[in-house]
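Each structure below is given as structure tokens.
Each of the two complexes below includes subunit A, the first together with subunit B, the second together with subunit C.
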Partner chain A sequence: MIKIKDLKKTYNGRPALYNINMDIDKGEIIGLFGANGAGKTTLMKCLLGFVRYDGEITLDGERITNKNIGRISFATSEHSFFPNLSAADHMAFYKAHFPTFRKERFSALMEFFSLPMTTPLRFMSTGQKNQFEVILALSQGAEYILMDEPFAGNDIFNREDFYKVLLGILEPDETILLSTHLIDEVENFITRAVILKDHKIAADVNASDLEDEGKGLVSFIKETYSYQPGRVMNALDRLNGQDKEGGR
Partner chain B sequence: MMNKLFKWADERTPVGIEGKKEIGWAACGLGISFLYSLTYYFSLWSYIDNLYGVSSVTGKRVLLAGSYMPDFAAFAPSRMKPFVITALIFLTLAVYHYIYHYQESKSIYTMRRLPDRWELHRRCLTFPITVAVICLVSAVLLTGIYLWSYNLSVPKARLRPGQLEILLETLFGGAK
Partner chain C sequence: MKKRISVLFPLIRTTALPLTALLILLSGAEYYFFSQKLGLALNAFSFPDAQRRIVSFDELIELSNFNFIFLIAFGLLALLLALSGLNKGGGNINYTVKRLSVSELEVHILWGVYYCLCYFVLCAWQLATIYGFYQVYLASPLGVYDGGMTFFLASYRVPLLHSLMPLSDMTRLICNLVLLISLGVCHAIFSLRVRRGEKPMALIVVIWLAAFFFSSGTASFGHDAFLSIALIITTLTAMFNIWGEQHDE
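After this line comes the complex of A and B, so read on.
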């Protein structure tokens, strides 16, 4: 289990995360939601030890260091692969560094998405790069798979394929922490939703509880964010009014 | 042998950069530095030649009275500058190796979450530092060889004793 206790992070004195307390149990598929700048990416960077933070993050009671970091994998829309290497080269590199690397899963996913094995990643399309990024994260053999907006730039068919594959291949003890803005697309398969607002956890609910209450995830997030549905119309009305006054 | 060297370099340069290519640059830098250092001999022969003149009496080549031979330290160390420049260029390459992990993707994320915590630094630093050390050691060895040949080839009558001490004093300001 990953345990986050009193996590705080500031960038040049400005808060990025404040007082985050959260447990991530094995087998969960957690959706991490929030507006841009809410702290989703920073939370993942803290988990991976990429940035300094205050508070405590432990994996099965131990601090996350190079000794246990292999139990966590990471896919990001920024991409973390090596652009000059081919998929086959990546496979060799990952096999050398992550003893748990799952070659069969890697090959199966590469075949499913019809990605070339010998073309350097830099020559692939954005969609293919995103697919490969996620394939690597899923094949590392990690128990905790962090995904930071992994489908940004992929078309809807591509994304749907991926959701199906993800649900098909995940094993019971594999855990996903998925940060995305595509709420309606993931609401049917996440088991828990964590919503960040103003750098804090504004809500942390089980998907089944929401279902029991008859609430949809999108409306729940809008509610948490105090979203005003009439906001856009009011703004447009105001703008149109100004135009008319200006035109006189 | 070469394959082993390329493999060694591949494992000590950032993932995706060919070790072979960096070996090529290093060989180029070292080669140019070595060739430039050989110009020391042109100066040495020229200075020695200027010590002599042809006697109008005997018609033979004789040491000119009052002729002057510059100290080794006066002209030899500057011939080693390309080695120092190559070493500095390769130390700068280490910085590029780190920057490389932010280009086109953030492969730094992968490098920083490897179970082997030294892999990133090994791949960024080992090769540039090795080349820089080879450059500096080459410069020192060649300076030793050139000093030895200076002492052998300069006529005793024009050889100022303590050339090594003078060199050290010139380089390090009084170190003996």
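After this line comes the complex of A and C, so read on.
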């Protein structure tokens, strides 16, 4: 289990995360939602030790260091692969560094998405790079798979394929923490939703509880964010009114 | 051990072929100029006794502009290694480097050793190429007048050859060692600094120092001492700046 206790993070004095307390159990598929700048990426970077933070993050009671970080994989739309290496090179590299690397899963996913094995990654399209990034994260053999906007730049068909594959291949002890803005696309397969607002956890609910209450994830998030549906119309009315006054 | 060696793989994959091509180009360019100058030297040698002129091996090296060609090759290697460290066309490879069981510091030390080795290979190749040309010189009619020691004598007369093969000049040997280490360390730091959006000044300074001060003649203790101290200060400053404080990715 990953345990986050009193996590705080600031960038040059500006808060990025404040008082985050959260447990991530094995086998969960957690959707991490929030507006831009809410702290989703920063939370993942704290988990991976990419940034300094205050508070405590432990994996099965131990701090996350080089010794146990292999139990966590990471897919990001920023991409983390070596652009001059091919998929085959990455497979060899990952096999050397992660003893749990799943070669069969890697090969199957590469074949499913028809990605070339010998072309250097820098020559692939953005969509293909995203696919490869996620394939690497899923094949590392990690128990905790963090995905930060992994499908940014992929078309809807591609994303749907991925969701299906993801659900088909995940094993019971594999955990996903998925940050995305595509809420309606993931709401059917996440088991838990964590919503960040103003750098804090504003809501942390089980998907089944939402279902029992008959609430959709999108409306729940809007409710959490106190989203006013009439906001756009009011703004447009005001703007149109100003135009008319200006035209007189 | 396998894990540690494998962190070199991305670099080797990117640089091995271009480095090989660069070495071949270096030898090719030098052969072109050397053969031209050797032809002229043989022509001068074939004149009647009064006009005959024997061009020595060190004169041939100087005339063939090896110093200038080596400088270009050095600059190209610096560019190649800097570009390989940048990993253009992808994202943030630090996200992967930081997730390895080998620490980030170890990874960059190993990369520094590799960069250092690349420069060593360039120097060794240049030396071997010049030695190859010496064999060609020996096989020519001009070689008849050579006592077999010209290659070593040339190392005292030609600044480039002296820097590549300092023989008993210990200060130059130490200076070369400092230069290789500085180049390796500053290249490793360069890639890290650029990925962090910082200015990689140390590498530029070290390359500039190497390019302008590497080739120098014998008995230049002051020159070697200045170069070594400047390199050590630049490298240590860069190291302190990069590892003196923690950085966020």
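In the analysis below, the second predicted complex is superposed on the first by the 248 of 248 C-alpha atoms of A that agree within 3 Å, B and C clash if a C-alpha of one lies under 4 Å from a C-alpha of the other, contacts with A are read in each partner's own complex, and residues count from 1 in each chain.
Here, a contact is a pair of C-beta atoms (placed from the backbone, for glycine too) under 8 Å apart; a residue touches a chain by one contact, two chains touch by 3 or more.
The structure displayed is predicted, hence computed values, not measured ones.
Colleague: Using the overlay on subunit A, decide if subunit B and subunit C clash or can fit next to each other.
Modeller: clash
Colleague: Which touches a greater number of subunit A residues, subunit B or subunit C?
Modeller: On the superposition, C touches more of the residues of subunit A.
Colleague: Given the touch rule stated above, what does A:Phe93 touch, subunit B (first), subunit C (second), both, or neither?
Modeller: In the superposition, A:Phe93 contacts both subunit B and subunit C.
Colleague: Report for A:Ile72: first if it touches subunit B alone, second if subunit C alone, otherwise both or neither.
Modeller: Both partners.
Colleague: With both complexes superposed on chain A, which partner does A:Val51 reach: first (subunit B), second (subunit C), both or neither?
Modeller: Once the two structures are laid over each other on A, A:Val51 reaches subunit C alone.
Colleague: Tell me which partner A:Ser80 touches in the superposition: subunit B (first), subunit C (second), both or neither.
Modeller: The answer is both, since A:Ser80 touches subunit B and subunit C.
Colleague: If you stack the two complexes on chain A, which partner ends up touching A:Arg122: first (subunit B), second (subunit C), both, or neither?
Modeller: The answer is both, since A:Arg122 touches subunit B and subunit C.
Colleague: Quick check for you: in the superposed arrangement, does A:Tyr11 touch first (subunit B), second (subunit C), both or neither?
Modeller: The second partner, subunit C, only.
Colleague: When the complexes are fitted on the C-alpha atoms of A, one of 25-33, 43-51, 61-69 or 151-159 in subunit B overlaps subunit C. Which is it?
Modeller: For subunit B, the listed stretch overlapping subunit C after superposition is 25-33.
Colleague: Name the residues of subunit A shared by its contacts with subunit B and its contacts with subunit C.
Modeller: The answer is residues 48-50, 66-67, 69-70, 72, 74, 76, 78-85, 93, 97, 121-122 of subunit A.
Colleague: Using the touch definition up top, name the residues of subunit A that touch subunit B in the complex.
Modeller: So the residues of subunit A in touch with subunit B come to 48-50, 66-67, 69-70, 72, 74, 76, 78-85, 93, 97-98, 121-122.
Colleague: Please name which positions on subunit C make contact with subunit A in the complex.
Modeller: It comes out as residues 2-3, 6, 9-10, 13-14, 84, 87-96, 98-103, 246, 248-249.
Colleague: For the complex, give me every residue of subunit B touching subunit A.
Modeller: 15-17, 103-110, 112-117, 119
Colleague: Note which residues of subunit A are touching subunit C in the complex, please.
Modeller: Listed in rising order, the residues are 11, 45, 48-52, 66-67, 69-70, 72-74, 76, 78-85, 89, 92-93, 96-97, 121-122, 129.
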